[in-house]
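Structure, as structure tokens:
The letters A, B, C and D name the chains in turn, as written, and every chain counts its residues from 1.
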Amino acid sequence: MSKKIPVGILGATGMVGQMYLSLLADHPWFEAAYLAASPRSAGKKYRDVMAGRWRLEGGWGPAGDLLVEDANDVSKAAAANKEGRCAFVFSALEMEKDEIRTLEEKYAAAGIPVVSNASAHRWTADVPMLIAEVNPHHADIIPAQRKSRGWDKGFIVVKPNCSIQSYTTPLWALLQRGYEIKRLLVTTMQAVSGAGYPGVPSWDMIDNLVPYIGGEEEKSEQEPLKIFGTIKDGLFVNAPEPAVSAHCNRVPVSDGHTACVSLEFGVKKPSIEEVKQIWTTFSALPQKEQFPMAPPRPIIVREENDRPQPRKDRNAGKAMAVSVGRIRPCNVFDLRFVGLSHNTARGAAGGGILNAELLKFKGYL
Amino acid sequence: MSKKIPVGILGATGMVGQMYLSLLADHPWFEAAYLAASPRSAGKKYRDVMAGRWRLEGGWGPAGDLLVEDANDVSKAAAANKEGRCAFVFSALEMEKDEIRTLEEKYAAAGIPVVSNASAHRWTADVPMLIAEVNPHHADIIPAQRKSRGWDKGFIVVKPNCSIQSYTTPLWALLQRGYEIKRLLVTTMQAVSGAGYPGVPSWDMIDNLVPYIGGEEEKSEQEPLKIFGTIKDGLFVNAPEPAVSAHCNRVPVSDGHTACVSLEFGVKKPSIEEVKQIWTTFSALPQKEQFPMAPPRPIIVREENDRPQPRKDRNAGKAMAVSVGRIRPCNVFDLRFVGLSHNTARGAAGGGILNAELLKFKGYL
Amino acid sequence: MSKKIPVGILGATGMVGQMYLSLLADHPWFEAAYLAASPRSAGKKYRDVMAGRWRLEGGWGPAGDLLVEDANDVSKAAAANKEGRCAFVFSALEMEKDEIRTLEEKYAAAGIPVVSNASAHRWTADVPMLIAEVNPHHADIIPAQRKSRGWDKGFIVVKPNCSIQSYTTPLWALLQRGYEIKRLLVTTMQAVSGAGYPGVPSWDMIDNLVPYIGGEEEKSEQEPLKIFGTIKDGLFVNAPEPAVSAHCNRVPVSDGHTACVSLEFGVKKPSIEEVKQIWTTFSALPQKEQFPMAPPRPIIVREENDRPQPRKDRNAGKAMAVSVGRIRPCNVFDLRFVGLSHNTARGAAGGGILNAELLKFKGYL
Amino acid sequence: MSKKIPVGILGATGMVGQMYLSLLADHPWFEAAYLAASPRSAGKKYRDVMAGRWRLEGGWGPAGDLLVEDANDVSKAAAANKEGRCAFVFSALEMEKDEIRTLEEKYAAAGIPVVSNASAHRWTADVPMLIAEVNPHHADIIPAQRKSRGWDKGFIVVKPNCSIQSYTTPLWALLQRGYEIKRLLVTTMQAVSGAGYPGVPSWDMIDNLVPYIGGEEEKSEQEPLKIFGTIKDGLFVNAPEPAVSAHCNRVPVSDGHTACVSLEFGVKKPSIEEVKQIWTTFSALPQKEQFPMAPPRPIIVREENDRPQPRKDRNAGKAMAVSVGRIRPCNVFDLRFVGLSHNTARGAAGGGILNAELLKFKGYL
């Protein structure tokens, strides 16, 4: 007799899918009610499919007895939608990009809103790439998207790559206060969970690091421009700056991406103290409306010399806050800092749920 | 009946001291003949002092039966020098900076050349900070140093910090070909052996990294300017550029510092292919003269996407080469690359021995 | 206007002291009200002393504004005790064993009960070594201890070493059901937090393990015999068995000790299914009385092939449960299994708090 | 104009195959001359196949220009054998056990001796499972094997699992001196390279260990009995003892398996000093005949409390020695010790090459 909104999870057996179930286990608004995965898992109970495959410390909550459906079979989800068992879906699909793009569109066309973690639609011009504290207004492209696509109730929103979460919100807080950011150099040290499971072989992560993650630098350089962009004629137009150069590294950390950032402001430059004050006091719609998944403070400023650190700070603010530290002048540009966020919580499933909370608040779900 | 030059090691029991003994175990020119450490080790055989304290995979060679002397007692070294048992010393002292500075000067005043790993004299204006492939000509300040100090045979040379070894030689190779480097942004991921022993607690290096190393960023930003500098009136004058901004991180790697570098050239800019060609063909005095410790190729260019990596590449070129990879254009500056070198071999004891080989070749030892 | 019992923490700045504060931050019965540490921390606010020294993910709760006292100055604690600010103390002292032994006795003599984590009094014949689920009846030696010592209100209880927590409760559950255990071979793989901070150097824990922990094997072999022992004439008498042989290893894990156990029963031998059933259903006084720190199930049986694992299972049951798995026959003895518990929660501060809850329940606090 | 014996490597692209090439790069007797792998690598040069797939620090030596053949196509190898390009093969095949068994027999039937690392034929009754220092006499079953199989020049020998190498030779040294070993309890902590590449996901090896390796305990318990067994009527008969119970764990170490061993002697029991003396002085045929791959001392006794350790001791004796330490009485049985060996050198490719050296010495190659 639950009053919670029933949601579906596409790709429920993968790492991000597991994280969705773990985080939804006691969510006050949503409950996992429809699970879909690859055909070979279809037709079995989730608990049976996951025997020996569940990788997380937390459990899957009440979803163990749900039947797993074939994610390719949209008609099943459409039926569940009609029966009130699947109001919308979180997409954590792991397929070829083209397949995901097509499949997510089929769900939307079938009347099922898609809140996606996949990268497939990040550069689709009428699909918003949302960080709830940064560009919640981008969600308002949804009516235009529906109209041009001929979709009635369905729509697609995505979230950006996990690698940029540890500095995009701090950048936004500065932009919002009128400080232009011209150029940005960022070096990330990213956790292995970002590669899914089995992901990175331990042979490569013992007494070692790998200075390369396929496709990650390109995403890091382009995605902020869409997030900071504007809507024109129902399509997104990129912000013209900042120019971003990214070095992405894989390091032997389980969860938590760390970024070393140097940036150049425009003519107007804040003092270090002002930067700290802006970040410490930053608050946005999710905080104001107290969305369940929202961290009380989206940006946590650490004053210690040696923080943030992945194991000690990734869980700050229910694993949804960005921790920043070592805020200091840059010898070459204007400002240097270190940012850290939890890549599978804030950077994946948690960020997806927060986006859904935003969409519900705005009346789209 | 050895014809090798007998050398002393100050700080013979520490990590760098151990590395010196390990690398000298079968050196064709030098042999460890005088060992000094703290007073509490003095008077005992090295093998007895080191029971349970030797930390390296390789052994200490024939030095186990040497008596350890008190490093503060310069008269012992002076006597050994007169008796032909200590032609010069490698200084790997671990004391307060001021104490090291004074003590190294006492050794030099007593007629004993000091080839130092310590940072104490790096900014002394008449002391050269040598990388044998980069600024061997800086050694030629020694006559002026001796004269102004009133030292007869003694002198002091130092080597730079381990953190800059993975990119300074590549930068030099470009400078030497006429490409000015205006600005440099570098993020390092440094091995724990750089902090000595016991050094970094394992509590901080399991599933974690620390985005801070005390003093390391300042050294990284200033030392290249002296190394690329010139001699005027018997004193070093810093190069005016590049401006360097460094982010230094400690990561769970035993040996091998990795650096992600973005740099801006002056008006004249090489192509990526030209950079690779310059680095691949770079060779300097140590190679030409085939110094025993010199790597055949000082810079090894890796073409794979995901190299260099610490565990797999730190031992390249007898652990004395710099491995570079991911050579590509930078979105913000001109050039990006990843550099890697072995911090306790190339970056400490090995670099010190190579400096001594250079000094012998030039007739100062 | 709190009604909670005010408690003191001796050694409040060390790793175990920090863990006490973290776990007491929202404890329903106790609150940290008196903090003591070494003389050099004395006289300062806890938050000031701990700047840059706090090592845990969780915070120190409301204790940040407390003044730190000198742990050697028992008169300060006695005064606090009289003023109702220190009903008893948790001892997490880090000193020489003899000093701790004497100091804990001074606190007891001053009327302050001591619930200790230190090993100093583990083999004092009238001091109980408590695991709340195993030998809660041992607490009843307290009246005899007080009488023979001439202590009015004070007393001393201790807890065993962290290394035996992952199998002692399972052994007890079998003993309690009438199965004698004759011999036990155990190999532990222990987390670095067991060595405190800075503890084990990261140099020794990267791509490595150390097959030795000083004193740990002796403790592992002897402590179970006292825990399983009896009281006679106000003194503890060891159980005659099991004979234990322990191999203790340090492995690169932050928290969570794992033990591989092979054991030999007496004539009566349970089946594997019976062992599982005994462990799954095991419950003791802390569960029956629902002590705040008690795990709902003290022993969690995992059926997966590859569990328990430290990172995934150490936090089971609020980090207070023992997880066991791989329950199977032994080729040489009768039974093999793997046990795991959180060494600084269950094995240190959490175990200490649970002991205090037991003592309060029994009316000694 | 080489006079070296040309050898083939089946499975040349896998981890063990790579190790074979690395170790053969400057072997005085053998040279890699024929490479075979899966059909999809066939027809290409080894260097092209391996671009981005070579995982080792050392290089592949002169084999880069060899064409890779299809390992399933025995006729190619038979032709090479006739042309003098493949006198015998090392088998490091990675297929289903049944496929390997059949395929190795085809090579033997085609006249090509097979020195195998695979487990497929370990329990074939006429196939010797060789450790060159332990049971070199088992090679003398080859004539009977050839005869019963109807093979002219071909034959099959195998080596045991890597997990038992760190204690089997020490056990043999004791057996050989007349000390019966009745029972053995062993807990291993095994490196990730034992699982091949990609092998164990880093997600499972960061701040963690896994107390299970499929099939490893069974192998550890049975293989020593064949190795210590005898030949009767052309077939192997297992030794009746020791009874072995094994706990096998995967730990975050790149290379080097560590074993904690407790054992029970028969009536006659050596003293600890005698055990050390037996192991220190142990020498066997490979040492006497100075086989190229043989370590000078097969067993290295460490007297330090905390050795052997994987990173520091795995390369002892050219990575072919077993290092033992912590030799002490056992509380439950008679003797306890820690053994360590390099699992992909001694335990895989190095052990295979040493077996081939033995076979050449005995005239079978």
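Simple rule for what comes next: a contact is a pair of C-beta atoms (placed from the backbone, for glycine too) under 8 Å apart; a residue touches a chain by one contact, two chains touch by 3 or more.
Note that the structure is predicted; figures quoted are calculated from it, not measured.
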Among the chains here, which has the CA centroid at the largest distance from chain D's centroid? A
Chain pair showing more contacts of the two, B-C and C-D: C-D
How many Å are there between the centre of chain C and the centre of chain D, using C-alpha atoms for each centre? 44
At what distance in angstrom does the C-alpha mean of chain D lie from that of chain B? 41
Can you check how far apart chain B and chain C are, centre to centre, with Cα atoms defining each centre and the answer in Å? 47
Multi-partner residues in chain D (2 or more other chains touched) are 55, 204, 206-207, 252-254, 305-306, 311-312
Within their complex, chain B touches chain C through residues 55, 192-193, 197-207, 252-254, 311
Chain B partner contacts - residues on chain D that touch it in the complex: 51-52, 55-57, 206-207, 254, 304-306, 311-313, 315
Given the complex with chain C, which residues does chain D contribute to the contact? 183-185, 187, 189, 204, 206-212, 214, 221, 243-247, 249, 251-254, 258, 260, 262, 305-312, 325-326, 330-333, 336, 338
